[in-house]
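Note that chain A is present in both complexes that follow, paired respectively with chain B and with chain C.
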Partner chain A sequence: MSHILVLGHGPATHRLLRGLRRHGHDGTVTVLSAEYRPVQHRPLLTTVLQGRLEADMLRPEPEPGARVLTGAVATAVDTARRVVHARQGDTVTAHPYDVLVLACGARPVIPPLPGTSDRTGRLAPGVTTLREVTDCDRIQGTAVTVLGGGPLGVETASALALRGTVTTLVCSGPHPLHERLGDTGAALLTARLREAGVDVLGGRRAVRREPGRLLLDDGTEAAADSLVLCTGVEPEVRLARAAGIRVHHGIVVDDALCTSDSRVHAIGDCAEHAGRTVAGHESALAQADTLAAVLTGREVAHRLTPAVLRLRTHVVDVACIGPLAAFRRSGIRTVGLFDPAGRRYARLALDGDRIAAAVLLGLPDAIATVSHLHRRGLPVPSDRLGLLLGIRSHFPPAEDDDRTDSMVCLCNHVSRRQLAGAWELGARTVPALVRATRATTGCGSCIERVETLCAGWTDAAGRELEPTP
Partner chain B sequence: MTATLVVIGHGMVGHRLVDTLRELDRDRRWRVVVLGEEREPAYDRVRLSAYLGGRSRAELSLVAFEFLADPRIEVRSGTPAVHVDRRARTVRTADGNVLPYDALVLATGSRPFVPPVPGRELDNCFVQRTLEDTDALRAAVRPGRPAVVVGGGLLGLEAAQGLQLLGMRPHLVEAAPHLMPTQLDAEAAHVLQHGANRLGLHLHCGTTVTAVNAGSHGAVRSVTLGDGTVLDTDLVVFAAGVRPRDDLPVAPALRLGDRGGYLTDALCRTSDDRVWAVGECAAVLGRCHGLVAPGYRMAQSVARQLTGRPSEPLDAMDTSTELKLLGVHVATFGSTSDEDGSAVEMTFRESVSRYAKVFLRRDTGALLGGILAGETGSRTDLAARVGRPPAADLERVLFPDPSF
Partner chain C sequence: MPDALAVTRTHCPYCALQCGTRITGRRAAAVTVEPTDFPVNRGRLCQKGWTAQEVLTAPDRLTTPLVRGRDGRLLTASWGSALDTVADGLDRVRARYGPDALAVFGGGGLTNEKAYLLGKFARLALGTSNIDYNGRFCMSSAAAAGNDAFGVDRGLPFPVTDLARAQTVLLAGANVAETMPPLMQHLDKARLVVVDPRHSPTARRAALHLQPAPGTDLALALGLLHLAITDGLVDKTYVDQRTRGFETIAARAAAWWPERTEAVTGISTHAQRTAVRLLAESRDSYILTGRGVEQHRQGTATAAAFINLALALGLPGTPGGGYGCLTGQGNGQGGREHGQKTDQLPGYRLLTDPADRAHVAGVWGVPPDRLPGPGLRAYELLDALGEEHGPRALLVLGSNPVVSAPHAARIAARLASLDLLVVADFVPSETARAADVVLPVTQWAEEEGTLTSLEGRVLRRRALLSPPPLVRSDLEILHGIAVRLGEPAEHYPTEPREVFEELRAASRGGRADYSGITYDRLDAGEALHWPCPDTDTPHPGTPRLFLDEFAHPDGRARFADVEHDGPAEDTDAEYPVHATTGRILAHYQSGAQTRRVAELAAVASEAFVEVHPDTAARHGLADGALARVTSARGGMTARVRLDPTLRPDTVFVPFHFGGDGRANLFTNPALDPRSGMPEFKVSAVRLDPLPE
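The block that comes next holds the complex of A and B.
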């Protein structure tokens, strides 16, 4: 029986507790939470901001079986004695452990921008980051400027515009998400944001914040009753570093999510696995799942989850799947789609017939399909256009009779009648029909229908052979 | 009763017109006088780079013996026209003759555009439009020495490749961010640039020549680029495009296109119903065409009109190109958008070895046209698919076999 102590009470911790319970962890678990509020589902913060979700709904059901100490701020980790020192109000406490899990998360980077914080480093009134539910309440006034062209900046700005706030998004790159989406895709994102009412000011830096406005380096200014800083986060590593645990950008962990101290693990935004930190929400949850298995005696190696960014905004569907570097790898074939009038864009990096990386904008169906193929490592259909534009057959089922004909495989122009003809000529199985007609070899979406047809004909033929009573 | 046709210009298109007319004019209605400015009768100007590489004049000639021997045709080479009087319906030539005409065809071609940079008149600055230009250039070639070609379009690339084959070390300067900006997009040009680098050509894209500098003997010694770089060079070839030759004194004057050229309708007719314009000097519906294929269509059309045959309007001119340059195959076909000016673009790229872009109709998905670079499927195969939605395995059509 071992005692597990967890520092930090974010979504990764919540997931870890659930995993431990499911795997039948028989020891005790204590969580030190610096905050008094329970865990939040942070990715939905911008939904709260839109006014579409009550803040209370961000709180998942508390996990039974763990002792959660709220308002307990860890001050030091003593790895030699295996004890964590903390402060709970005015009381100094000590918490021994057999296994320590660091899930301290990340904290927002505050840019050195005059007018944003007071002498003690506290954010000035009217300036906020967006990390907690209470931050949503700090965003006041009719005009709000969001600083930062990353995912959070885009999500925040579009959420604010949707609720009717006069919103400006300022970013130093030519467009928001320029590095991930590239010139064409990022320009389309800007166009979509503008349509949604966000005033996008790209290629500009903030030089000073004054009450009610943000001054920019080109001499212009943006109205800002509130200023939201979405200028990135950095892993929270101070406790680990002070304890002599190996830290690079984040707390360095191996495939068992173990730090340089064999009794200390790290997960979530504070951890650095395979040279990568802050890989996103899905990645943090996957780490929690792995660690739950490791701590209950299973031999699991944490597999690097594919980096997937899906923008949570109503403005446009955006997804970045896999590492951008894949586009520059040798032997990679790139497929692109650009529909300027329809504001749709896609770029796929293909390694053979597998997806190595993808950038998609304005193509919700393709995002679903491509994500699925990528996650499962499945081959992409040869009909790239069908894959990206989501060409599917829309035939009503069970209306097949021999008098009517219909197109089954749109990609290869194979009709039901042609398939029936092939069946008559001896193609009595699905693979034989495929060979005879090339049906299903495009986007592949008609395979179920070909199977149904084939089974139906086989049944009918079987019935005919039965002696009539 | 025969009528007289005067054709001003004995280039590729003027010659094609007369040659077609010979064939179509079975009633022997026309007598033709062709005025050529150059001493050489019509030759294949497209292959001047081959001439630079050592091909003979005879190999480039387009004029067959039967043509010169045809009693209906009178070719006056080295005899430029200097004036047209539309009221009197006469053409005056440089040697003082006045030729009456019943029909007149302007086929004056174009002249090289030389950007107005200081030093462009120095010795060893060349253009490459005629056999004589090319003779002069060839005489200045010094193997092992650097040369500068201004212009990264078709002409510039051919000139650079020609100089390279003669042993020079050419630099090529293109103002646009990439090669062949009129025909290719950046990624197709990237495939071409890769080929250029492999052949040892030095590319300077996105900059211009701001000055041509003289050495001690008054000839070119170097050029200065927009970013201040100085390139030592023995010679400079200006291949920065052409401008239509529309400056022949015509009284009263003919209407010109907004960007120059004799303005014509879709049948190459100028505002004067006895005067046509064909080839690079013609602004058909306001637009000049610098390729020979559209010029030949114009020649065909006018020859048909002169012999009383119906002729299709030349409103949709095919600007397809296909060529192999610097060891790289590049081609374009069809158009880049539908009538609304919109299209869906699909691109396929395999490292720097091949690239294809196709344009599809937004409403039906039908193929409109495309750009090909590197070892792609053949342009003819793809051009035949224009107007229909592409096959599901479009990528295999564009990139037929795996490349290694």
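The block that comes next holds the complex of A and C.
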């Protein structure tokens, strides 16, 4: 019996609790949730923003067997005494643990931009990040500017445009996601965003925010009743660092997701595993699964989740795998297609038959298949253009199959040869062919083909040609 | 006398479509089969149906009882001595180990009368709780999900012919074009959305084919529900007025946004959205599930997830839409209603419900406490045979578990460890060949009875011929054993009509109420779907269920709270490929019947494995050569067929073959906790070339 204390109440925590229950953890679990309305499904914030999902849907479901303290803000971790100090409203509380799990997530990076926050660091009215449910309500007015050309910036801008808000997206690179998509892909993304009503201002920096507008370094300005800062996140490491736990970019963990203190684990965006931190939703869930196994006495080592960037936007389907630099590695073969008018673009970097990197835009089926192959570590099929175009390999369609032994009626296993034989023996009409061979009497899908064959043979015989089908 | 007749109208002996047939002939060797205008098949038949008469004259048909002699060989015996051997064996085991050491394994192909009497025989003559049947491997997940959602489980709660009006039909894990060809005529006009990891003949006819990674159907169904919610396609009035539990599953489905669903299933967000729109924006839409999504350790949850989607879209219980499952075995519907399921009594009553027990005990003329409680479910029962505290004698009717049970090598070993194995069959199936006593029984064209088709319609099976002289009916066998065990002879009628009269009484007032159905009404040509209670003016039956209310006490359907958990077994370096199993057109179930039909055997004579050409090349397999398909449980041998339409990560093996060609040598007996369904549809396997 051990008592597990979890700091943070995001998706990683939720998944961990489920895993502990499934593995038969017999100790107690307490969760300190700093938020009163914790967000379980952060990727859905932009769906809430569009008004297509109730904000309540993002709330985590109750976890049987775990004690969840909402509004409990951890203030210090005492690893020597194995206790976490917290503040719940005006009350100071202490929470002992046998095992501590840090699942504190990440927090938005606020750029040093004049006019965005007051001296205490509190965001000015009309300025928000998009991290919590309440942030959605803070985005108001008819014109909104999104600052930041990363995935969240693109997703937020397109969600706002969809709901009819006048939307501007400002980014310092030439295009949003330029570093991930490269010149061609990123230019196509910009084009699609503009078609969807997003005013994309690339290659600009914000210099100052004033109520109602954002001033840019080229002297222009963007209308901004609200300004949404999508300027990146950083792992929440402050408690860990203060407690003397080893921190690099994130809280450093080994393959058992254990920190430099053997009783403290970290998962999700706050953790740094194998040099990767803020690795996203999929990775957080995988880490939670591993940790649930570790904490219930199983010998498992966490394996890195293959990283796939998959944009959540209605504007265009976009996915990226791996760094662009992979395309320049020696021994890499590339496959690509580019359809500027159709706004479709694909580029694969193949290391043997495995995917080292990929950029895909406007090709929904290829995105689904390629990212699935990459996640599962599977080889790409030999028909690579078929893969990119989402074209399934087919058998030759039966109608075009003129071989004499081709199968006409699957349900009764009647070949063209058998029909021809029956015709020769005097079955010169479709009903006669059906009686003789039972073709067409199952699902009936071959009726037309039998009619065509019969007509063809009759025609040939009528012209006194060799009546050999 | 049947002999005097040259022609009779009956139904095909195979699948749950129960196509209407007219059979003609005065002796078995001269019988011919033709389709009738019965509304389900309307003049159509597949190759199995056209050739069904050949099983009547199978060269190795069982025509006399066999008893295993001291030398280990099965020897001809008289009925008297064979039944004495059975009864003595059962008595001995029961005296030493108690009644639960006796077990019964039935089948979804048995007539209603046989299934009913088998359940009664197990509970009263044997006194055992251990009776279950092969439908556990077939319909149990859909049945459990249907009962939970609607309060009653009738595969299709509407006639098959309703489908002809549909604009969109989603077929989840159902390969209708190959397994039920005559049904396709009712789907000709609809746009089909087919969910299947294989590009099956049905998928080839689809407007949209979703090809998920094996074992991810539940994630897909949750993802489709998510889209129905976020795209504003939920029928809110219907949900408010006719259902319960939407909020819980809606919160659950919130976690399955399209990109996450895509990551798990491999199905693009675009295709997901198209599927939901096709369903939601059509006038008449149906969602139908088959074994492909049900034969998983999460089979019940998966069927429930598709029902959730149907409920959210407001389909079930409306005149132009609905949910249904496509029952597989000939009497897969009736066979799951009348008491051969371990937790169940006739009329879809429950063995755990005191009122249900009292009613049936009353009909049987015994005190309710003589009825044992629920026992082991199919795989658990087979798995326990011969083990400590497990059954030591087994009676098998209408089933071939040596071929059809998962982890088949283990099951064959369990059967071999029994003190007594008795098998009633009409051909020497793989299981019959392992028996201590083999009892030859009548076939479809030699017997009377009723079956209940996939649409809940009760149908008459009629005899054209007399059986071979030394062949008896299953009813006669149960009678013979029961009497030898000291039961009153009149409790085990041998006339199907008499048994049906008893079944009517036992089902009276039950969920599957047959009390208003009689042989005379059926023979007069009436189309009667259950429930059909016995009323003063004859009840017309219930072709369409749920139009006014669902069968729960409050009349509302239930959303199920389900979550995707993935298959029990994932691929790894040692077993890098998924294998899935299923049916092909030429064969039926374990193939015990169809492999004996020359025309069908010529189409598919041996086990094969369909492999993507890339995968074949990677594993050194050549088209037409032999391969071993091996999982952590064992391996089988199959001939390689290259198929470029397959997912490269998945191979397909049909389960109709015996010996070393048994797909079930590699399948996974991970069970669905609710239904007891094994995970037939996903195993992790290795592929190796095998020199001939």
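Details
Keep this in mind: the second predicted complex is superposed on the first by the 384 of 469 C-alpha atoms of A that agree within 3 Å, B and C clash if a C-alpha of one lies under 4 Å from a C-alpha of the other, contacts with A are read in each partner's own complex, and residues count from 1 in each chain.
One rule holds for everything that comes next: contacts are C-beta pairs under 8 Å (C-beta built on N, C-alpha and C of every residue); 3 or more make two chains touch, one makes a residue touch a chain.
Everything numeric in this text was worked out from a predicted model, so none of it was measured.
Between chain B and chain C, C contacts the larger number of chain A residues.
In the overlay built on the shared chain, the residue A:Ser382 is in contact with chain B and with chain C. Of the two partner chains placed by the overlay, neither chain B nor chain C lies in contact with A:Ala240. Using the contact criterion defined above for the overlaid structures, shared-chain residue A:Val294 touches neither chain B nor chain C, since it reaches no partner.
In the superposed model, A:Val31 makes contact with neither chain B nor chain C. Contact with neither chain B nor chain C is seen for A:Cys136 once the two complexes are overlaid on the shared chain.
Of the two partner chains placed by the overlay, only chain B lies in contact with A:Thr334; chain C stays clear of it.
In the superposition on chain A, A:Leu20 makes contact with neither chain B nor chain C.
Contact with chain B, but none with chain C, is seen for A:Gly342 once the two complexes are overlaid on the shared chain.
Of the two partner chains, neither chain B nor chain C is touched by A:Leu5.
In the superposition on chain A, the residues of chain A touched by chain B in one structure and by chain C in the other are 382, 411-412, 441-443.
Contacts from chain A toward chain B in the complex involve residues 330-342, 344, 382-386, 389, 411-412, 441-443.
Across the complex, chain B meets chain A through its residues 340, 342, 344-351, 360, 362, 365, 390-396, 399. The residues of chain C lying in touch with chain A in their complex are 35, 43-47, 50, 177-178, 181-185, 188, 199, 201, 205, 213, 229-232, 250-252, 254-255, 257, 259-260, 262-263, 266-271, 571, 585-586, 599, 603, 612-614, 618, 644-645, 648-649. By the touch criterion stated above, chain A contacts chain C in their complex at residues 40-41, 43-44, 47, 52-53, 56-59, 61, 281-282, 308, 310-312, 317, 364-365, 367-369, 371-372, 375-376, 378-379, 381-382, 390, 392-395, 410-413, 438, 441-445.
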